[in-house]
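By written order: A, B, C, D and E. Residues from 1 in each chain.
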């Protein structure tokens, strides 16, 4: 196996390296990817120059992510959702042996309790800030780095932190299994719902422009911008829920009680 | 509304999955109606798309309204439905629907608490597969491949068999390598062309300055190896047999017919609409090498199948051989080879489904995992075995089943391109299939240890009295109607697909007119 | 883009990747993988890919390390290779 | 030396990505511990992401966010709300767009793609970790050779 | 085609027995009704075939396209009834009636198991046979050919014991192996060479395809070995292997359906695919190779038959030899030899079925399988042994049986082709035929002292007659008579065949 692996790896490596000299130079602004082939249309140049006209969103990445390639992003969210469902399907075990609800393995000592208190207090202080920041990241994705994914992961991480600092049950009390699974579904519902609304208004799927009919005082361009925020929120819901779901299942072997 | 069908096609199972997630959590019995509705809507969409395509040519759908009239091509994501993938859509939805009927009670038995999750995953798998089939964007294809892969990892790992989980892990590793290679290949293409839309890439690659760059060659190799890993082409097949034979039966019915076939379609799609057959067959000139690889795959798959004692394992190795058929056919570098490969995708999906359903019924009802445990099945389960026999005959290639005609087209392609090795491999594999399945028929018909001499039983069953196989006992060994009916429908489809292969091949040819297969330049 | 910065990070990337695969203690390996993720996140930020860097920081260095540790906690910490 | 100058230096990022990727691939194929395999997988995937991001780099460019640029033209981008001076707003932004120099910003497309890839990566990792936990439950080990040994022997609950 | 009549009669003739199969299964508890269904469908079938006879005899062909959808293959599933097909269908459907009668007697006499299955698959096999007879193109022919192979497998392995299993294995291995391995590629090659045309109507498919000599030879041999039901050496051993089947099945295999389908296919290939001009010396001159292979088979199989003590095995090897006559005649591709070949299908069918019925009747009545045990049998089973004698005459080709007519044509055809060596083969093989059949008859009626088994009466008298059940004896008498009738009434058959042969363009 070792030799086979080495040969396969070496072979692949040589193959990849053999093409490297023919690459455009690193950082070349005129490479085909950056500037198109032989002065033809370049997708990326279009994005840089026209995004603002099309969508009024300054963060090009967000605009491309949620509008131009919004279809990709929707399925990316579906991938996350699928991962959540998958982990539930693989790991979740119901009933079975119930473990005593108090941790015995790690910290019964007084010293442990002290640590717990310190960690607990710190987290109490820090978690609201993290969550606030997460919401900011989601909401401000149009203007600064960030968006639904990043915000969602951070929000999910705040719950993970809660579970780490106290106990899984504490976090689950706030964000129970039913809730997070529902939230994950709702997230994708929001995303695809935006798309479906467009279909209902006789435009193509995810063609947000038409939604200006439903949004007061917006034109097509602003409708795109607002809808992007909407789908980002949807993404954030799903990501938050699933990140926590994955953690909750992994840390408790799928029992969802008394994780570490 | 009819121009929105491509979106509805995909959204229907997606919403089905979400609603299952919300509603099914509390009541497991509501899962199946949701699934059936979602898939029926999808099937309806697929059929009407096919009708539209046949009537008025390929359909282009631009998600987000970024169509080339407004913006340059490739800004948004394009979906493209031509005759070939319209057919595939119908096949995917039909197979999924049939499997869902099969799973009505099986899913509940196999994953008692996780029935809704099973249904959600299988619907998302359909979303992924349908999406792969319709998309015309190289990167979007990767995302959808991941949707289908992740769900299939989970579906494989859901089973209670320890070996199944281990197989799922190997599947994840191989699947990730495959998908990553594909992604890397797309990256190489993007680096050279600046485009992700398949048609746009194709246009740029037709410029020899770009098309003959080593980067593009490496990109092609990467994509090819990636897709081959996903479809279990011969040296990269290692993950498949365990994953498909130790997973829950409903999963195997869903994955075995669809996953590899869709991967083969991806290869064909990449070959025809991204690189173009001219580039592949004329400037690359590897068709001989790949066809030889395919021959090895066919022969190796058949021989390995011959060595198996477990029924499902044997079927899995047959899939490996069948993949060889399709890869070889697609690389024969002529029209008929391609037609044969595409037609084989369709027919093989149903053949595999038929055999897997039957095998699963055998395993469930008679605990017969090994071939030698199948004794006397013809008597005990006549209907199920009939279905099995039809699937097996199709696999062997007996007319008028679909398997015969796909082999016919493939052979024609092989003879026309002078790839005699491929022709011989195909015939050998047909013969091996015949041996394989008649070995099973024999066991099922005679029993394991037949009576020594035929004088012994002349009196053991007097026909003047009611035969031992009376009405009351005839069907008692059968599986449930929900498992037998899909089997019979599949068997009927196999025959119908064979008998009426004309219109289907016509559609395929019509679609290939748009992207003709140009043969190799020098022979 | 600062080439020297780039180069330094790239060298460190290779080192951390190699170490995290060499170390037999899986917990350390996971931690070093976190370092690796963080380094690569720096690299991307420096390349102008702020969104990717942000995501990698949150996902790669953060959440996936936690996932990995959660698994290691419930399985075995020692690895044979 | 010349080789290095012509082939390696202009592409050093690509060389490093290949090295990282091969490290990951080698680990995925040869490591016996399943978690180690997954670490290899993570490295493998990040290497590909590194490759993509490298494509989009332009010397002398900045991050692909137009904010400061729009402000130059006096159009507050944050002013997205219900103001309905559509025509002038449109006009304004048009002016500003024409001033956008594509070379001034990094290529955003690879970034978008890689966001997706990162997310896919973490999803795969999560599922893989879940499967390894379930393997540990069944086999009591995460070492591949030990698992194969147990499968061969056919321990309790493992059908051969 | 101007002389084509469109009618769905061929389809119904073909379906008559297929539709009977479910009815047979339905009546599995009522043996009488079940066998009634067999008979009804057999008569319906014969009636339908006879209804087509006047049209075909009038020099027309009946065409019917069942499925016109195989766009890619450009070959519909279609029926086309011409003189050759008609003759074969006539033989098959009329002998089915007799065989049904006989099998009822045989199966009931031996209390065989699974009779329902037996009759059902018997009916399906007949459908496939008629499908082959009426096939309007090569694809349809191949389709029904394969269907026949599969439908007869349960019949061959009827006993479901070890021997049957081995026999069944050999049977399928040879038949499927050769048809997939040789016939299918040959079929596709033909299709490509002819530009997608596979139909038998009009000119021969490959008449203007511009084959080279080598291509033609390989293709012809691929077809001849591919349709291995014709029993050409070296792909003959399935036939003796299949002797494990009950006797009615052997009769079906040897006389009605299977082997005749094989030679029929070869005749079709020669006349319809290549065309007699192409086969003969005027064309590619490939027929002669096939003719010599057939001649080799004739001699060798006759020699083997001579050494067999098991009556059924002896008959089996005799069949192999006789089939090769037909192939030989076809391969020579002269007007007389092709006529002789076609006539020999009928003549041999009638003769060989008689012989098998006799063998079966002997087994039912006495349980004897070996020739050495049969001395003096004429005293107890005079009717059977007389029929056996007539059957032997038919196979050897002596008057007053139909065998003479066909053999005469064959010999004349060979002479016409000027192949002196092959004439010698005919001479030698006829002597060998006589040598392996006549001693059986002689022994039965005039046993040498000491060879007679115990229990055989010293002298013949009606009181000692212990014949098989009437259901066995009647059919064999009928077929024996038929053999004689065909001799005297051969004019009609010759006319039918002549119609067909004259259309081949000699």
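Some notes on this structure:
Keep in mind that, in the parts below, a residue touches a chain if its C-beta (ideal position, glycine included) is under 8 Å from a C-beta of that chain, and two chains touch if they have at least 3 such contacts.
These numbers were taken from a predicted model, which means no experiment stands behind them.
With steps allowed only between chains in touch, the distance from chain C over to chain E comes to 3. By the document's definition of touch, common neighbours of chain A and chain D comprise B, C.
For the pairs B-E and A-B, the larger set of C-beta contacts lies at A-B. Every chain gets a centre from its CA atoms, and the centre nearest the mean of all protein CA atoms is that of B. Distance between Cα centroids is largest for the pairing of chain D with E. Set against the C-alpha centre of chain C, every other chain centre is closer than that of E.
A separation of 13 Å divides the Cα centre of chain C from that of chain D.
Chain B and chain D have centres, each the mean of its CA atoms, that are 30 Å apart.
Chain A and chain E have Cα centroids lying 74 Å from one another. Centroids of chain B and chain C (each the mean of its C-alpha atoms) stand 38 Å apart. Counting partners per residue, chain A has 16, 23, 27, 31, 33-35, 42-44, 47, 50, 59, 61, 69, 72, 76, 79, 82-83, 86-87, 90, 145, 149, 246, 250, 253 as the residues that reach two or more other chains. Looking at chain C, one finds that residues 1, 50-51, 55, 59, 63, 67, 70-71, 74 touch two or more other chains.
Residue positions of chain E touching 2 or more other chains: there are none. Applying the touch definition to every pair of chains gives A-B, A-C, A-D, B-D, B-E, C-D. Chain D makes touch with chain B in their complex at residues 21, 25, 28, 34, 37, 41, 44-45, 48, 51-52, 55, 109-110, 113, 116-117, 120, 123-124, 127-128, 130-132, 134-135, 138-139, 147, 151, 157-159. Residue ranges on chain A touching chain B, taken from their complex, read 15-16, 18-19, 22-24, 31-38, 40-44, 46-47, 50, 67-72, 75-76, 78-79, 81-83, 85-90, 92, 94, 178, 181-182, 184-186, 188-189, 192, 195-196, 198-199, 203-209.
Interface residues of chain D, counted against chain C in their complex, comprise 12-13, 16, 19-20, 23-24, 27, 31-33, 35-36, 38-40, 42-43, 46, 49-50, 53-54, 56-65, 106, 110-112, 114-115, 118-119, 121-122, 125-126, 129, 132-133, 136, 141-143, 145. Residues 1-2, 4-6, 8-10, 12-13, 16-17, 20-21, 23, 25-29, 31, 33-35, 42-45, 47-53, 56, 58-61, 64-65, 69, 72-73, 76, 79-80, 82-83, 86-87, 90-91, 142-145, 149, 216-219, 221-222, 225-226, 239, 246, 249-250, 253-254 of chain A are the ones that touch chain D when the two sit in their complex. The part of chain B that touches chain D in the complex is made up of residues 139, 143, 146, 150, 153-154, 157, 161-163, 165-166, 168-169, 172-173, 176-177, 180, 183-184, 187, 190-191, 196.
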